[in-house]
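What follows is chain A paired twice: with chain B in the first complex and chain C in the second.
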Partner chain A sequence: MSTRAPILGRFRYGYVAPAALLVAGLLYVPFLWTAYLSFTKYDGLAPPEWVGLRNFGKLLDDPALLTALGNTLIWVVGTMALPVGLGLLVAVLSYDLKGGVWYRVPFMLPYALSGAGLAMVWSPILSHDGIANILLGVDTAFLQKAPHNTIAMLLVWTWQQLGVNTLLFVVGLQSIPKAPIEAARIDGASGWTLFRHVIWPLMAPLTAVVVGLALVASLKTFDIVWVLTQGGPGRNSETLAVTMYKDTFVASDYGYGASVAVMLTVVTGLASFLYLRRQVR
Partner chain B sequence: MIRSRVVTLGVAALFLAACGGNTEAPQKKSELSLYNDKGAWSKYFDEMGALSKQQISLGMKPVGYTDSAQYQAFIKASFRTNVKPDLFTWQTGGMLEEIVKQKQVADTSAIWQEAIKAGDLSQDLAPYYTVDGKQYCVPMNVAYWGMFYNKKVFDKYGLQPPTTWDELVKAAETLKKNNVKAFYHTSVLFSFVWFEQLMAGMDPDLYDRLSTGKAKYTDPGVVQVMEKWKQLIDAGYFINPGDKTDPGDVLKNGKAAMVSFGTWFNTSMTQRDLKAGTDYGFFAIPNVNASLPKTSMIFESGPLCSLTKAADPEAGQKYLKWWTTQPAQDKWATTRGDVSANPKVTIKDEALGQVTKDAGGGKYRLVNRYFEATPPPILTAALDGFSKFVTEPGTYKEVLETIQKAADEYWSTHQ
Partner chain C sequence: MIRRAVLIVLGLIWLGPTYLLLVNAARPAASYDPSKAWQPSGSFALFDNISRALDSANLSDSLASTALYSVVSPMLGVLIGALAGYTIVVLRLRHGFWWFLLIFGGTIFPSQMLLVPLFVGYSDLGLYDTRGGLLLVYTAVNVPLAAFVLRNFYSGVAFSIFEAARMDGATTWRIFWRIYLPLSVSALAAVFILEFTFIWNDLIFGLTLTQTEDVRPVMTALAGLMTDVYAGTPVPVGLAAGLMVSLPTVLLFLATQRLFARGLSLGSV
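Let's look at the complex of A and B:
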C-alpha cells in the first residue's frame, strides 16, 4: 500500500484527465452554456443579448407552458400507474408460475424498438384514418383532441415499457430471501397480506430504482410525442421537453428554449432528489 | 506532481487543438455539397449534379434533410463553425434577412444583373432576393399556388374547373352529396394554406398589411376570413386534418378531389406516374370577393445560397450562376415536371405552362406566400394556431388572439 500510493498520486490527474475533459466538454460546458442562454435573447445567429430574468418571467405567462406542465404531469402519473404498476402486477402474477418466462416474453419484445421507431409503428394505427378506427369500427380522433392524444400516447408507451419493468420486478422478486416469506406463510400470511407486508418492503430497494428511472424518463418524454403529434394540434399535446425543442429549434427562440430547459432540469432534479431522499431514508 | 500536471496539460492541449479553428486556405473543389430540407428530391438534385459536372466540370452532391427545424438549426450552427455547406437551400422573406445580417451569405448581385440581362431571370423576382439593395442567393425554385384536382373524380360527377368562387363551392357541394370530400387540409405544417388563400381572395391588401404589422389578426377583415374558413369546414367539405396520408396519395386515390399547393406539388404527381390532363388537372383558385380587379395568386420562391466563408466560395458562385442558366433550368423543371424561374424554359405541363405565362403577363395579383411573408416568430404561433383551428374550428377567436399576442411582441421591436 505504501509503495502504490505515490505512483497513483503522481499520475492521478493524468489518468483522470481524458475522462474529466470529456465530461466537462460534453456535459458541464453545454449545461452552463444553456443556463447562460436562458438569461439572453438569442436567435441562434446574432450574439446572445443579456435580458436578465425576462425569459423566466415569460414562462409564467405562457399558456403553452401550462399545457406542457399539465401533460407532463399526466405522463408522470400515467407512467407510474401503467408501465410501472402493471409491470409489477405482471411480475407478481407470473414470477413463480411454471413457464412464466414464456408468459413474459411477449411483453419484452416491444422494448427492442426505439422511441421514434415505436411512434412510427403506431402512427398509422392511431391516425384518424388509421387501423385502430377501422378495427374498432369507430371514428375517434385519437391523436387530435386533448387529453385523449396524451393518453393514447401513454398507452403506446406502456405497450413498450411494460416488459422491461416486469423483468426488473421479476429480478427483484427472485432476489428476495426465501426465509422471511416462508416464515410469514407459516404464520398464516398469504395473498395481499403477504405481498403488502412482506414482499413489498423487501423489494423496496429495487422499486426505488424502477420508479426513479420511470420518473426521470416520463419527465423528459419527447420522441414519441414529437413523431406522433409534434406536440399538436395547436400545442395541446406538448410535454416540457417538446416545448423546449419547439421554442428553441422551430421558433428559433434559443434563449426562451434554454429557460424551459433550465426549468425542466430543475423539475427533474428536484423530483428525483425528493423521491430518492424519501427512499434512502 | 509536476509530471502529472504536464501530462494533463498535454492532453488538454491535444483536446483543444482537435476542437480548434481551421486556418486552412480556401481549397479548390470539384464537387460541392448542396444541403437542403427537400430530402424527397435527392434524385433530382443528383441528376443536376451529373449535368453540372458535364457542363461546368463541377459536380454536386445533395445532403437532404426531411425535418426542417433540424435542418435550419444545422445551417445556423454552420455560421459559427468551420463545417459550412458549399450550397444550401433557404427561405426568402424574414429568414433570408436574418442570415444576410450575419454577413456570411455570398452577394449574388453580379449574377442577378448578368442573368436579367441575358433573360435568364426576371426583374420581378429580384425584390424577393434583395436585402439593403443587394441580391443574395438565386432562385432554387419558384411556385404558383392553385388547386390540383382529380380529373377522374371531376369527370365522374360532371364537374369542370371552376372560374368563380360560387362555382367552386357548388362543385364542393356536388361532391359532398356523392360522399366525396372536396378539399384536403392538414394540422401539420401546411395548416396556413387555406388562411392565406382566403385572405388573398377576400382582401389581399389586408393580407399585405398583416404581414408588415400594419393590421391586426383580430381586425374584422381577418375574423371574417376565419369565419368563411369555418363555414367551409362545418359544411363538411374537408377531409380530416389528422389524416396522415401523403397529399399526393390523397389526390391520387380520390380521398379528396382537390388539393391546394404550389406548382411543386406537380413533382408528387410525376413521382406517382399520374398524367396531367387525364388523371389530374390544375386551376387558379377564384377570388371569394368577385369585385377584386385581379385574381390573387399565392407565389413563392425558394433560394439556393452560398457562403463567403465556405471551403471554395468561387466554386459556389460559379455553381449558382450555372443554376440560373437555361440548360440547367430546362433539366431542373423537366425532371420534376415543375415550373422554372428562368422565363426561357418551356414548361411541358400545359396547365402549369399557361399559369406561368399568365402570371408573367400580369393576369394575376401575386401574393407572397404566408410562410415567407410572415416574420418567423409570428409564423410559429400562427402555424400552431391554425393547427388548433382546423381541429377545433370553434376556437378561431382565441386562435387569432394568440397569434396577435406573438405579433404584438414581434412588432414592438421590429417596426
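Let's look at the complex of A and C:
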C-alpha cells in the first residue's frame, strides 16, 4: 500500500458507491436474510416465525436430504475421477505428441454446448426407447433408477467437461520446466516412473487449482440434474442444490429451503477450507 | 503408439454424440427414428428446424431478452467494477483495501443463498418477472470479478499518467473515461466475455425470478421444454434449438480469442 495521500476528488465515494451498493443490496443482504430465514418457519406469505434450530433438526432425519447428500457425494467423487482424472490422462497422453492439438479436438467440441443444449442431445440418447438402448441391445431405464441416473448424468457431464480440464492440464504441462524431465530421461526414467516422480510433482500447483475448482463446482451441481431429471423420478437423483430449490419453490417451505442452502454453504466452505489447508501445508 | 491408439479410441467415443447431434439436427423433423439415428438423412433441414424451434414456445422473444441481459449487464457490471477499481487504486480511496474486500467478497456466496430473498424481495418491489429485475441481479453478480480484474490492471499502470493528466487540469472522471478505460480495453473485454457466457448460460436466476415466456432467458425456456424427451417437440427441432443457443458464446469466443488471451495476462500493459 502506498503512503501517498488520497487524491481529493469530490466524487470518490460516489465512484465506489454503485459497486458497493449493488453488491451489498443484491448479494450481502440476501445472503444474511437467508441465514436468518433458516431459523424460521416461512411460506413467503405470513411473516417469518422464529423456530430456532428446528429446521436443522429436521435436516438430520429427512430421507430426501440423505439421498441428496449421497448423490452429491457421488458427484464430487465422480467429478474427481472422470472429468478431472480422465482429463489429466488425455492431457498427459497428448501434450507432447506431434499434432496433439488435433487429438484433443473431439473433447473440446462438447464444451460449446450449454446445460440445456446438453440435455437436448442426451435425452433422446438416454430415453427409454432411445439410441443407447438400441445401440447396446438392452432395455435399461438410464434416468429412472438410483443410483444409475446419477451415474448416467455424471457420464454426460464427463462428456462435456473433459475438454476444458484437459486444456487446463495441457497448459500446465507445457509450462513446466524441461530440464528436470530431460535429466530424469537421461537417468533412465520413462513412462509411469517419469510421470509419477518427475512430472506429477512439477505440475502440483496447477492440479491444485483444477481440483479445487472442480470440488466447489461439483458440490453445487444443479444445472445438469435440473435439465435431465429435475431431481426425479420422485426425489432419487436430487443433489443438495436441487433439494434446496425444490423445498423452497416447489414445496414453498422457504425456511426449510433456507436451512438446506445454509448447509450447502457450510459444506462447500468447509470442504474448500480443508482442501486449501492441505494444499498450503 | 499406444498413446495414439488410446487417444483415438477415446476421441471416437467422444465424437459419437457430437455426430448424432449434427446429423439429427439437420434431419427433417418428422423423419426421426431412434433406430436409424446414425444414418445421415438425404435432406438438409437444419434451418427449417431452427425456425420451428423459434416459433415454438416464443423462443425468439426469449432469445432477444437473453441477448439484452447478456450484453447490457456485463457492460454495466464491467464499467461499475472498473470505476470502483480505479477509485480504489488510482484515486487511493481511504480504506481502499477494505472497500475492495467488501466488493470482491460478493463472489463467495453460492447462488442458492440468494434465491429466496431475491424472489420475495422482487415480488414485493414489483421486479419479479421483469427484464429490469434480471438486468439488476446479473449486473450485481458481475461487479466483483470486474472490480478484481480491473483493480489488478490499474495497479500496473504508471501513476505518472494520472499526474500528468491532473496537471493539465482534467477531472478525475475525465481521466477515468478518456484515459484509464481505453487503456484497459483488453481486460474489460476478457471480463465481458466471461460474464456474457455466464449470463447466457444461466439457468437458476431465470428459473427463480421469471415466469412469462418473453422475459424468461433462453436456457430456462429450453429447460422448460425438456420434460420427457422434449414433451412432444420433435427430436430434430430440439437438437437444432440446442445447437442454436450454444452458437453465440462459441462465436464470441472465437472472434475475440486473441483479445482474450491478451486480457488474461492481467496487469501487464
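Everything that follows uses one rule, which is that the second predicted complex is superposed on the first by the 268 of 281 C-alpha atoms of A that agree within 3 Å, B and C clash if a C-alpha of one lies under 4 Å from a C-alpha of the other, contacts with A are read in each partner's own complex, and residues count from 1 in each chain.
Just so it is clear, a contact is a pair of C-beta atoms (placed from the backbone, for glycine too) under 8 Å apart; a residue touches a chain by one contact, two chains touch by 3 or more.
Because the structure is a prediction, the values reported are computed rather than measured.
S.K.: If you stack the two complexes on chain A, which partner ends up touching A:Ala258: first (chain B), second (chain C), both, or neither?
M.R.: Touch partner of A:Ala258: chain C, not chain B.
S.K.: Is A:Phe39 in contact with chain B, with chain C, with both, or with neither (first, second, both, neither)?
M.R.: Neither: A:Phe39 stays clear of chain B and chain C.
S.K.: With the two structures laid over each other on chain A, which partner does A:Asp223 touch: chain B (first), chain C (second), both, or neither?
M.R.: second
S.K.: Taking the superposition as given, does A:Gly25 touch the first partner, chain B, the second, chain C, both, or neither?
M.R.: Both partners.
S.K.: After superposing on the shared chain, does chain C or chain B touch more chain A residues?
M.R.: Answer, by number of touched residues of chain A: C.
S.K.: Applying the document's definition of touch, where does A:Asp129 land relative to chain B and chain C: first, second, both, or neither?
M.R.: In the superposition, A:Asp129 contacts both chain B and chain C.
S.K.: Touching A:Trp75, do we find chain B (first), chain C (second), both, or neither?
M.R.: Neither chain B nor chain C is touched by A:Trp75.
S.K.: Tell me which partner A:Trp157 touches in the superposition: chain B (first), chain C (second), both or neither.
M.R.: After superposing on A, A:Trp157 lies clear of both chain B and chain C.
S.K.: Which partner does A:Phe169 reach: the first (chain B), the second (chain C), both, or neither?
M.R.: neither
S.K.: Between chain B and chain C, whom does A:Phe249 touch in the aligned arrangement: first, second, both, or neither?
M.R.: Both partners, chain B and chain C.
S.K.: I'd like to check the shared interface: which positions of chain A are touched by both chain B and chain C across the two complexes?
M.R.: Looking at chain A, the two contact sets intersect at 9, 11-13, 18, 25, 44, 123-124, 127, 129-130, 230, 245, 248-249.
S.K.: Residues of chain A touching chain C in their complex?
M.R.: Per the stated touch rule, the residues are 1-2, 4-7, 9, 11-13, 15-16, 18-20, 22-31, 33-35, 37, 44, 90, 93-94, 97, 103, 105-107, 109-110, 112-125, 127, 129-131, 134, 159, 162, 220, 222-223, 226-228, 230, 241, 244-245, 248-249, 254, 257-258, 260-262, 264-265, 268.
S.K.: Sort out for me which residues of chain A touch chain B in the complex.
M.R.: Touch list, chain A to chain B: 9-14, 17-18, 21, 25, 43-46, 63-64, 123-124, 127-130, 141, 143-145, 230, 232-236, 245-246, 248-253.
S.K.: Spell out the residues on chain C that touch chain A in their complex, using ranges where they run on.
M.R.: Touch residues, chain C against chain A: 3-4, 6-8, 10-12, 14-15, 17-18, 20-21, 24, 34-35, 37-38, 80-81, 83-84, 86-88, 90-94, 97, 99, 102-103, 105-106, 109-110, 112-121, 123, 136-137, 139-141, 143-144, 147, 166, 171-173, 176, 200-201, 203-204, 207-208, 218-219, 222-223, 226-230, 235, 238-239, 241-243, 245-246, 249-250.
S.K.: Quick one: which bits of chain B touch chain A in the complex? Just the residue numbers, please.
M.R.: Within the complex, chain B touches chain A at residues 1, 3-5, 7-8, 11-12, 15, 19, 69-70, 72-73, 76-77, 79, 98-99, 101-102, 187-188, 240-245, 376-377, 380, 384-385, 387-392, 399, 402.
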